[in-house]
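Shared between the two complexes below is chain A, which has chain B as its partner in the first and chain C in the second.
After this line comes the complex of A and B, so read on.
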């Protein structure tokens, strides 16, 4: 039963919508402090070796040039030598090395010099005049080449990635079971938000202001202040709007520190706007994966063993694990034996990073394709197979999932899609000359909660300003937080102004892992309690208040705009009256930052299901997705419209992953050959089908007082598998290396 | 990007005299290809001659039923929507609409589209040390590199780049004539002689001389061109360059092929006129078997590389489909 009404918040329009469509919304690199100069990078076009010489004479003499930095002369941050100490605060530096730190080249596209000039054109021209010569060495570019250096990390951000439960190997040799084993390959994918990364650095003595396109203002503040060995508060970070990120603005990349170094060298503020082509080498990407999955099940489809072995790449200057198995097979189905292995191969390619659902996204692609192959082997309906293996408990932690409604996702999705009319036989369904395929897959993403604090300023006119150093990546966070603030504080939506994107505000965590709404929402719940208490303190001392002489602790919000006695609601007073009688223009409260309580008795995870239809011309086989039904179980949905947008965007990105996205590299130089939006194909409107989104379930109050679990990433999970499964159903051909471009289907005719 | 001077041409003569006297001057039309390449550091003109104010935007009938003239500055979107083109040369309208995006087509011009340069990664990005087109003698990075979008017909060991245009493919099938004006006068270049195969000089894309301005493109009167079709196969539904494309024009009489004009895109350094296929179709019955035989004849000489061999079969199928579609037209 869909309990939609229970979980859906109001369908608010975006509070920042008007500012965005009119251009009034100012993004980080659109700020221009007085005397601002511009940086342009010079890059390595070899993947490994040493910088032999930097000849900047001609460039130095070019018009407008203020400074040229390289490893020879860059102002060196005085950062702590020990890695542990460098990383003791907040934030992540995916590339461990300092930009211009030495003469080593670790990947093609590495910044080896930076030109600062008065205009961007002058900087670009002069950058072309800097002659850097290299002494190349043989690079490692593939898993095979880096075999000797492969590592098996135990954990990834404190989460175990090598999992073992039951006897997988023995079960996989049991001849009474139905088995499949296949390898699935995904290519490098690049985030490509429309707003490129960029930083403006402005020094004022030993104080530094950074306007930075980031998912983590407090992280940037922490990393940069530690690098320069400055008190944290000496570095201010400003980022009111982000034009998409998908993970590539989560860590601190070389351009951020480089901008601060260049501004120091040039003696003026410096703007370093990363070029689109450098978004393919300098701000991370999703690592390519090679995943081998073995499944064994009884004749009636009960899983007895699952093995998920993943190989991925990382760079030689940063560690990154895309934990595909732990985040898909490790959470999805009820199986007595599970084994997950992850191996990481360091190569001379720039460092990969989080990209929307890191681990879950490629992991669910492989797992959900494997489940489809198992369903075929068992002659079982794919939905039935998944229902037969539904996990009430977390398969590894063995504690119950909280507010899990995955069965309902399958049921509602199948009904809306018309799944019952599916003929299981591949190539059996047609639309004129086109092959029609129906596929489905399960979606999943964990519920993450970090820590945050918030501040409220309530004014006597009944309006409030709420602040937290959180972020809006274009997701609608401004709107969601305005909505939560309004509900929790008891102040009309129109009277709440929510401010974010400044390191001056109380702590907000990285806008990653789909945690922001749950984390900041919890902080807003807490600060609302503080506000109500502060008002109560005023009221109980005010002889004119109906609450005079009551105990402040007995008082709570009884209706929007009023506090009153917990067990005698009629005895109440309004916020405005309390402030006016106290002669106060405003009242201000701020919550404390505390570690979130860990609930070990339950597991918090979102689920969903995608049902996809594709149509394919068998002779000219470009796959067209014609219909998607997506059903999501993610707790409470704070604001319906942006939430629906997130799922639609995620599914479309999954379609892109399935059918067209791939960053290819030149096998000789190690440079990406795909480095612009003409060549890197993401879905266009013509590729994007109608996506029917439904939210089911109940608020997850065991997780947090708002009841929400986050929605930014679950949309992309499973989607590529559902498309790939539909392609199999349409054609009878199983393509196991993404993307499924026309050339891979030529033999289906 | 290098510093350059900017001149706004007041008449065609001035434009040709500037480009005739300064070897590193370039005409600026829509700028959608040139400016991009200047930013990449591939094109390094010292002077730009902006021709956008010149009166070369006409789309009009030539006298005495002689076909249609398209001005060198006519925008791709205007050409695509013009009734003369839509009614008489649907293949050209379809080809233009299959290219780029509406925003780009609003800027892109007929002359600029004819001269747009290859999208070969190794040409487009000077970070790659090898490209004989960009730097003669440096080698071909694509030959042993990532060559999925590269040529299968008419290429050389020096260069396996393709001409990326959709419009040019339709023009090739329509036997268009490029009208140019040089410092010393005007001349006409048949479309088949306009673009070149790479041979040993892949750095030279076309036979246009340094002092010549494209003033117009003439389409001859082809009554049967109403039976024509443009088919583009690409990696996504819109806004992608062709993996393979086909412009097909069929002269059908009582189910027999009286004449066929076929050109292929995405397969060669120039829009590839499929003369072998055309010859194989002459006088035959318009059916799939005939079309397939014609396609086989054309692609017999094709050669693929590590990532693009699929284009050979794809091109054959595209030819069959384009011809079938044209044949089925009312």
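After this line comes the complex of A and C, so read on.
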């Protein structure tokens, strides 16, 4: 079965492709202004305690040093008033503490001083001369140690994370049902985009320009302007390209304000390019999770009860909840009884944040492994088990899912993969001396929509510039929004220039939660309507126009480049003619920011299925993923090439999660012992399999006028479970703590 | 310390700190920001450039040791407006997402082909594994390299 034709946009090359392959694309820390100096941090090597003394004398005298700031002398911004609304333009902070704010140390790796010098070499050298002494205190580092401080949050922003439906406990004791109960562990994972975070701060009187690697230019602007007590527009944030983010550039982390403080102290622009090792401590990570799942089902595989209990960590200076249960068990299968619990333990480790599919990713790992274990217990095919529990309605909200095509995902995926040839018996399939395992899992991610506005400048030569303060993290946003603008405005693709990544533009929300295409796409739909109306206003007053004296409200776009009467398309006029006759070089319209309307009668959620093959040498049990088939139901796909690439990337990151990614901390000191890319293993080219991506379904127009539901995050969900299930199938051994490194499989020979 | 280099065919002389890496010289002094810093530790390959035709991690190499050598960066691959076949293949096969690893991937790929290490998918995957792509665009990178090899042949 082929791709469902009506959902696929054109397979264009990216509009920013040329800039990216020639080195012309400029990332934030590459906008070096004249006289720019460099910052190098000094950080705490204890997890909790106080700074006893900062001796910067020798460092201060080192060549090229312009300033050294610490809590003793740093210019003091004020705490921006806390604003936590999810959809807001107020920005996001996970570490809710000002850098260099006081002498307290809350985690290892916390910045305690910052050296500014004329060159990188001078700053790095002088930072080594700053002597900071600490008075250590006993840190809380584990769930057990933090037991007394544990919290069970009712909500995570506006989302309920403790769910209760039916009588789970009673059902779980029913002896007529088949049950499984297991605990799944995921370690701390770190985003590690190849572009490290960074900020250049340049003051000009009371105006501040920040070139910042961020997923949220307007959020940075809001937080930094409030911190310095400046009118919002005095702070400009610029970020035309982001070198990957995966969540770690969504919040404002300490280096952003620190750069602005250092630039103030030094009196010159300052570049603070976060070091790779600090990407493990000062820009967030995915919290480790401990998830216990109990499932009970009838002999024919109908789920009767599901319980998903999650424990995670947060820091002592910021709240973060990784809602594993609510975002997996809470949305996935049809079960009369569901219970989801979340407990968060605050420890002296830097603050976690959202990492690609926060909640859904570890949640689907645990749930989809548990479903595999249930299938084994029931002697049922894993795909059949899922089909038997397909949810037409949202299991908690009990409203129908819009444009859900998960059954088709299973069917198409199984067919393409050759699932019918699978022998269910573990260790039964071989390729020469290698064990072969086939596993599968369901994928899911909610459709999010926030609010955005856009501006269009249409010129008399027929070209247009469209602007929104949104972001391209590698997602293909430049291309997708050029495409949507072209369709909605009725202007050829080649004549549209889409601009993003500047706080000067109309509001765009954080590029997170896979919301951007739906959100900005809706804004582009609105602004196109405004443009057509503005052209109609000119035409109806123009005696030379075929639309003269018609009502502007009766006029709409009738074909690309032309507006005309809604019920008599032949009566029309071209954009270019209207502008020329009006003697206008251009016309400009801008949409207003509005809260998105919430449709409570339906539930909007994307789904998919992964089918994975692994091969393992029993004598040296390194797992190689050899083949993946991924089928996705995410509404309309605006631009095929970047969308397919997003799924490939998500699956590859899921493979990394399953097999190699882990940030380990010293259990005594709380210092991360894994702080570089040689120790933190990510998938390399040699680890990456062939990934066959198919999109199925229909445009979800109930969700937004573009019909898309977002694509950035669903790729990673389920992928780790599919790999883990394939490893079980290959070896007969169920490893329930990630990553599945060779040492955990040494007994399979 | 004075150093003379030929970068993308241009003679450059600069007075550099002996501690300055080739990467920082390119990015911070010469504004050749196409070469990327992804770790500064020789672990990611984002800073890959060609020195006398060989691929190296420019973050792990001091500028002064390259006195008199020929450096090609991503900015030097295209022939005017005409993309190098490897660059064109990366665009065509969507061999990137964020683009931050891309200059390193492309320089590395050009050398990989010259070394004779692009004769099969597996060989490409192995010999390109020094260039991390956290976006995970690997299958498209492999397709791009194969295509560039085929078109050059």
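Couple of notes before you dig in:
As a convention for this text, the second predicted complex is superposed on the first by the 734 of 749 C-alpha atoms of A that agree within 3 Å, B and C clash if a C-alpha of one lies under 4 Å from a C-alpha of the other, contacts with A are read in each partner's own complex, and residues count from 1 in each chain.
Keep in mind that, in the parts below, contacts are C-beta pairs under 8 Å (C-beta built on N, C-alpha and C of every residue); 3 or more make two chains touch, one makes a residue touch a chain.
What you see is a predicted model; the values in this text were computed from it and never measured.
Once the two complexes are laid over each other on the shared chain, residue contacts for A:619 go to chain B alone; chain C is not touched. When the shared chain is aligned, chain C comes close enough to touch A:642, but chain B does not. In the superposition on chain A, A:678 makes contact with both chain B and chain C.
Once the two complexes are overlaid on the shared chain, A:276 sits against chain C while remaining clear of chain B. The partner that reaches more residues of chain A, of the two candidates chain B and chain C, is C. In the superposition on chain A, A:121 contacts both chain B and chain C. Once chain A of one complex is fitted onto chain A of the other, the partner contacts of A:476 are limited to chain C, with no touch recorded for chain B. Legend: residue contacts after superposition of the two complexes on their common chain; A:45 is shown touching chain B, with no touch to chain C. Judged by the touch definition given at the top, the superposed model places A:686 against both chain B and chain C.
By the touch criterion defined above, A:660 reaches chain B but does not reach chain C.
Shared contact residues of chain A with chain B and chain C: 121, 125, 678, 683-687.
If you check the complex, the residues on chain A that touch chain C are 13-14, 16-27, 30, 32, 119-122, 125, 191-196, 241-246, 273, 275-276, 473-476, 641-642, 644-646, 648-653, 676-678, 682-691.
The residues of chain B lying in touch with chain A in their complex are 1-3, 39, 41, 119, 121-122, 125, 127-129, 141, 144-146, 148, 233-241, 243, 310, 313-314, 317-318, 320-321. Of all residues in chain A, only 43, 45, 108-109, 121, 124-125, 128, 277, 619-620, 622, 624, 659-660, 664-669, 671, 673-675, 678-679, 681, 683-687, 741-743, 746, 749 touch chain B in the complex they form. The touching residues of chain C, when paired with chain A in their complex, are 17, 19-20, 24, 27-28, 31-41, 43-44, 46, 73-75, 77-78, 83, 87-88, 90-92, 94, 96-103, 106, 124-126, 128-129, 131-142.
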